[in-house]
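Before anything else, here is the set of structures, which you'll find just below.
What follows is a pair of complexes built around chain A, which joins chain B in one and chain C in the other.
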Partner chain A sequence: MNKFLLILFFVMFVNTSLLSEDNFEKGLRIAKESYESTRGYVDSESDQMMILVDPKGNEVIREISGKTLENDDPNDGDKSIIFFNKPKDVEGTVMLSHTHVNDDDDQWLYLPALGRVKRISSSNKSGSFMGSEIAFEDFSGNDYRKYEWEFIGEEEYEGEICYKLVSIPKYKNSGYTKRIGFTDKLLRPRMIEYFDRKGELLKTLYFEDYQLYNDKIWNADTFRVVNHQNKNKTIYKWVNRELNVGINKKDFEKSSLLRLAD
Partner chain B sequence: MNFEAIIEKYTVSILDHRIKTLIAILLLVLVATAGARFLEAPSGYRGFVESGQPNYQDILNLEEKYGMIDTLSFVIKPNNGDIFQKDVIQLIHELTEASWQTPFSSRVSSLTNFQYTTVDDDDINISDFISDTDLMDENSLQELKSLALQERTIVNFILSESARVSFVNISLDVPEDTGFEDPIEFANEQKAYFNTKYPDIFVTVAGSAMYSNNFQTTARSDATSMYPGFLALIIILSYILLRSITASAISLIVIFLSILPSMGMAGWLGFEAQPPLIIAPILILTIALAHAIHILSIALTNMNEGMDKKKSIVESMKINFTPVFLTSFTTAVGVAGVNFGKIPAFSEMANTVVIGSTFSFILSVTILPIIFMLMPIKTDGKSSVVLNALSKLGDLIYRFKLYIITFIGLASLLLINLIPNLYFDDDFDSYFDRVDNWVKVKNIVNDEFGSSFFIFANLSSEETDGITSPEYLKKIDEFARWLETQDEVVTVTTVSDIIKTLNKNMNGGNNEFYSIPDNKPLNAQYLLMYEFSVPYGMDLKNQMTADKSESRLLIRLNMATSKESIEFNERTDEWIKNNLQGYQTDGVVGIPIMMPYVYQENTNGLMRGLLFSFSFIVIVIGITLRSLKLGLISIVPNVVPFILSYGILAIFTNIVTFSHTLSILVSLGLVVDATIHFLSKYKKAESLNLNASDAIQYCFKYVGFPIIVASICLFSGFAFLLQSSFQTNFILGGMCALIILIALIIDLFLLPALLLIFRRRNVV
Partner chain C sequence: MIYIKILNFALIVTFIFSFNVNALEYKLYGLVQPEFSIFTNGDGKHHQSKNNYSFFTKGNFISYLDERDAKITISAIARYDEKDSERRYIDFQKLKYEQYFENYTFKIGNEIIFWGVNESFNIIDIINQSNLAEDMTGTKKLGQPLLSLAYDNNYGTIDLYLMPYFIERKFPSKNGRPRLALEVDQNSITYESSAKEQKLDFALRYSMVYDDYDIGIAHFHGNNRAPQLNINPSTLKFNPHYTTLSQTSLDIQATKGAWLYKLEALSAKDGNERHLGVAGGFEYTFYGIRDSQSDLGLVIEYSFDDRNSYPFNNDSVAALRWTKNDINSTSLLAGMFIDMRGNSNRFIAEYEQRINNNIKLFIDATFNGSIDSQDFTYAFEEDSVFSIKLARYF
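What follows is the complex of A and B.
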């Protein structure tokens, strides 16, 4: 009987703590759960294609392939390598990034035509990725630690009830003042609106083609970005994505860049 | 039934159906006036260009690729010393940050956020040129100064060579049909804030958006500063001239009911409220006033002579219907000639005047006689002093006709000799030279930077990713350096400058590597790296296309007149033809390149318009007066005023702008009016078989006074435009006032003298 009471108290306590959760805490909790649902991939490999579409409908295609390595240290960011394949002139260029949660990322670029590895400044994560409408900072946009969160309600998006979350970048050089996004009940971000430094709607990122990888991780295989100001569009696709493939961790060191490039 | 009988029957019939007529006319006026709310806010300089204009098409093509060319710029100039002082740099830093908040801004570039590359062995750092303003001391400031002055993309773009003036440039991407008000309002708030915070540093707003917005602000300030005064003047004038409060009130009613629906129709037709449109109400007002005075003064004269009220107005209508119609018509035809020009803002003004002229005719022959009948009119029964004076003038002219002709003939010959000194030129940078604040900024910028204008040139490699090829980069560099040798150009920057800087920095900052590598992949990889390193709003999208097949040069222009700009453009096209085979380019593109062509086409068009309007008017006069002789004589008083006024202009200046040309078309129809009134009365006198002296006396009695009155009104109307802060309105007003004044003198002296001489020969 005492045991039962104890359990009852415990359940009540947990319930009240959940009930007393405010919208900031709730937003953060959802963002954290969403982020954590994508963790545990160990590493991944994929080919990526980017289509840049101008307002007249002209298209430019960029092709890259990439590897990422999950960081065991929960207080640090993941590592990634990007191989540039198209346009032809930049074929063989490799970029290695060590992302960090609170500090600037470390980035190195191997330029085959120069035959040298250069370390590049990376406090500028707000810049465009290869002339697209996607910024560097958008790729790590799901990392809950980089934003202040607020849950502002539930709304239907594409026929599903979603959490509506406002997130404000903590990173001072961010190109945004605010994001408003929908995350569905499977904790998958479905759409994010970005507001620029003057508080105007800049662009919308749509997460499309969700696939369940290794029976546990949802990844959107298409990012579709519409810039509302310059009317450009970018479609970013992941193909042949594989998780937990067993990539050598040493590949993600600066010293391996030259070797990897060949 | 002859024409006069028809008019008599018509006038009597509208007077009998006064209420029905009144209601019908007022309804028409009301419906037309309702359109006023659709008058569009001016689109700045773009309203001065037809959409099909080839140079404008070049600008639109460029904007499609690289975004809008319009910018707002903060001009920063410390009262003492140069930019490299701690508080000045701090101001620039704060202002740069604040500028990102500008509505519709797409990028902000300044000395502090200039993307500066530093190298440390294999570490490449591309970041803000100045980010930490707290740690600056005198040494670091001097170092920054010398570094800045070595950057060719800084000097003369955001920092003057003397380092005394700096810019914070805001690129705008304003949606179609949206003006620059919001960004400008924001910029002015910033200016006010920084002026208070840093009282020793001059900060103000300039840039092409500001220039463009001047059209709107001057239109508004012109309207508010000129209209009330002008109105007061007209009320006083019409009272002095008609010496009857009721008659003045009637004139004012006719005037208002002519202006309101005209502006309303301008709204229905989707016209823009550009500064030239400000002239339209003033012109319509004078036209309507002239009609009212012609009709009323004769009706009042008739009443003074003992006629009853109805007969007085019917008789006046009989005499005036034809000339009122003719003058409305010729004014409309004259002004309509402006449509041969190529500037929409002026065509819209002209067409509004055409509409106003039509309304003033309709109202003068409907509402005016009706109100005249409805209102109590008192006359003093005394013959006017002016009429006596005019009668004396008639005598004098009869006696001295040969002297008058000789004197005016000689003066004309003398002044004609000066006219060949005149040449066409224009300077659209001078449009707002009458706006004090603008001129102050303009002078600072022009002194330090050559001019405030940028132009562009797009060079297409005609292949995807072609701009990184060494051949292309060397060509574009050659093009840029050639442009820099031209007097009209201050400095140029291109993608080749970026590549050269990167090549140097990737090679340890060694100046020997400040060159274009002969290696396409390397150039492409440099650009890729550069793009990875720059933040939001600092990318290369404003200077190269996404597929990297085309890039553009940014050119800071020196001050140049229209003529020089056209020569420069032609020289550049020639150079391109000889040196840039295999590449596609529209040549140099921009507002300062486009406007001279707009003026040139416009002036040529206006000349054709003038020819059209003039011949049309002469024919119309000949036909209505049914006299070849009078038609031919009418040419003299309608041409001489223009010759004399251009001769007088040549005493003061050599430059004829398109606004001078415009003044001929605007005043032609008005000058003709007086001639028509005079000649139609002269014809009437001839039909009464009066002798030469009496015929002239008859004309002076019936039209001398109204002609003087109408001319005074027109003269004052145009003279009022001298207050305009819009240079074109100022010139137009001055020229038209001069022409009207000379025309009055010619009509009062030369025309009667000529009529006398030709009459005598006929008799002999």
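What follows is the complex of A and C.
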């Protein structure tokens, strides 16, 4: 009898809690589940290419390669190293980042012309990455801890019913006031609209070429960004991406920058 | 010199051997750069010439061995200059073999090692010799032959350097512009140390990152990189004399959001005299000015030294750096150097932008204001100059 009451109580409690989940809680839950579905990659290695297109259709190519290390600490961000290859004048430059959730990242730059490692300010997360329409903060745009979330309904996007989510950056130096995005039922972000500091529509990011990595993690291998204000486009492609490759953790420390640089 | 020969031989043998490895993993890149300068004060103080052309090239070859646990790097620069014979040279900035172990790195060969945090007054940077024929401010360096061992753990990195051969400071020739008041006689070099250029110099550095702070503590003992320049009354040339220097230094950078705070300090015994130097300042960046992608950075630095003879004994610099953050990486640096003791001042501007994926344009300007006749830069008071450089990368 006691057991029955307990189960009854439990079922009622769970039901009530699910029923009482408001749109903010639901938005946060979906965002958290979406983020967590991309975790467990351990580390990754990839080559990345960007095509920058101006309104006249002129194209410029950027090439980098990168390594990332997942942080076991759930309250801290991942670490990454970027090797710049194109344009040729930045070849040999290396950038190391220790990201943090709602604080400035730690960033070091190796400048080959001076043979010098410089600690740089990273409070400019809203700045353009290599002259593209992608900002530094967009790379960690799937980290649910960086935003306040709200679920505002379900809508069809490219023939699939998706969750429609509004997210507001917690980071005080963010370049955005708001984002509105679609996340599909496999918890993959499909499209995000960004609103600038004045509240006007700035750009749309489309997540394309989803691939299932290591039988468990969906990664979009193309980010396509259309800027509605300056009419520029950026196509960002990941190629040769590999997860869980066993990179030495020490590679992600400042002391290894000179070793990894040319 | 024998050290250099053995070193070069060993490296070339290793290099050739590395080609026998089946799948040689390597990178090759560099640049060629024609340059043209126009001086705005006619022929100047030393009756040099109103304009000058020059040609600069740099090549980098990096070969990875042993599944990237070892590496060979060759990085060479060369210049041809129309007027200045001292600006016709080749220098192996890097010509080194490195081997990596779990916590150790071993290195042999020519290398460029930078110490410090400042933008302008790099007073503690001592491993490499300055190439004044390239740049009178001393920021351009020559490769230093060395053996080094680095050890790192969670508490930081310790670097040990042994430098078996000394590289003399390079000065502009009589026809170079700018140049010193007198020609430097590179055939009349003297040393405090009886071992002269074969003195075994050594250096030790401990560096660490603690939260927002990057900290380095270092000691150097060896031939001073900066010679005393004594006038030889019979030739009316400068004779360089290299004293023995023991220098202990500290460098700290604090990174606090858009603020960078920088400090370099040293205490050194040069010959029989001890001196103290402190240089530092801050850098602040305004991001996204006027709702654009542009950034505007402000740099202010000050340098103090208790020697009267030291050029930057009471000097400051204030500079603005504008970066457009556009596709062409357009940027402009404009700054003012002020000697607070002699009231000398100098204005510099550096503009750069990419023309396409492989070509970049640089326009530099230096304007000398009033310069005190006691200041060593008085010799180039009339050398205000515009330079255009076009780099083609490969």
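In this section, the second predicted complex is superposed on the first by the 252 of 262 C-alpha atoms of A that agree within 3 Å, B and C clash if a C-alpha of one lies under 4 Å from a C-alpha of the other, contacts with A are read in each partner's own complex, and residues count from 1 in each chain.
Everything below uses one rule, namely that a contact is a pair of C-beta atoms (placed from the backbone, for glycine too) under 8 Å apart; a residue touches a chain by one contact, two chains touch by 3 or more.
It should be emphasised that the depicted structure is a prediction, and the values quoted were computed from it without experimental measurement.
When the two complexes are overlaid on chain A, chain B and chain C occupy overlapping space and clash. When the shared chain is aligned, no partner comes close enough to touch A:Q211: not chain B, not chain C. Between chain B and chain C, it is B that contacts the larger number of residues in chain A.
By the touch criterion defined above, A:G127 reaches both chain B and chain C. Residue contacts after overlaying the shared chain place A:D89 against chain B and chain C alike.
Look at A:V60: by the touch rule set out above, it reaches both chain B and chain C.
Contacts of A:Q229 after superposition: chain B is touched, whereas chain C is not reached.
In the superposition on chain A, A:K254 makes contact with chain C only, not with chain B.
In the superposition on chain A, A:D104 makes contact with chain C only, while chain B stays out of contact range. In the superposition on chain A, A:G175 makes contact with both chain B and chain C.
Once the two complexes are laid over each other on the shared chain, residue contacts for A:L114 go to chain B and to chain C alike. In the superposition on the C-alpha atoms of chain A, the part of chain A touched by chain B in one complex and by chain C in the other spans residues 52, 54, 60, 87-91, 112, 114, 116-117, 119-121, 123-124, 126-128, 131, 173, 175, 197-198. Residues of chain B touching chain A in their complex: 64, 67, 100-103, 105-106, 122-127, 173, 464-465, 468, 506, 519-526, 528-529, 531-541, 546-548. Those residues of chain C lying in contact with chain A across their complex are 27, 29, 31, 60, 62, 73, 75, 93, 98, 100, 105, 112-114, 117, 141, 150, 152, 156-157, 207, 209, 212, 214, 253, 255, 257-260, 283, 285, 287-288, 291, 293, 295, 325-329, 354, 357-358, 360, 391, 393-394. For chain A in complex with chain C, the touching residues are 52, 54, 60-61, 86-92, 104, 106, 112, 114-117, 119-121, 123-124, 126-128, 131, 173, 175, 197-198, 250, 253-255, 259, 262. Chain A makes touch with chain B in their complex at residues 52, 54-56, 58, 60, 84, 87-91, 93, 95, 107, 109, 111-114, 116-131, 135-136, 173, 175, 197-200, 229-230, 232.
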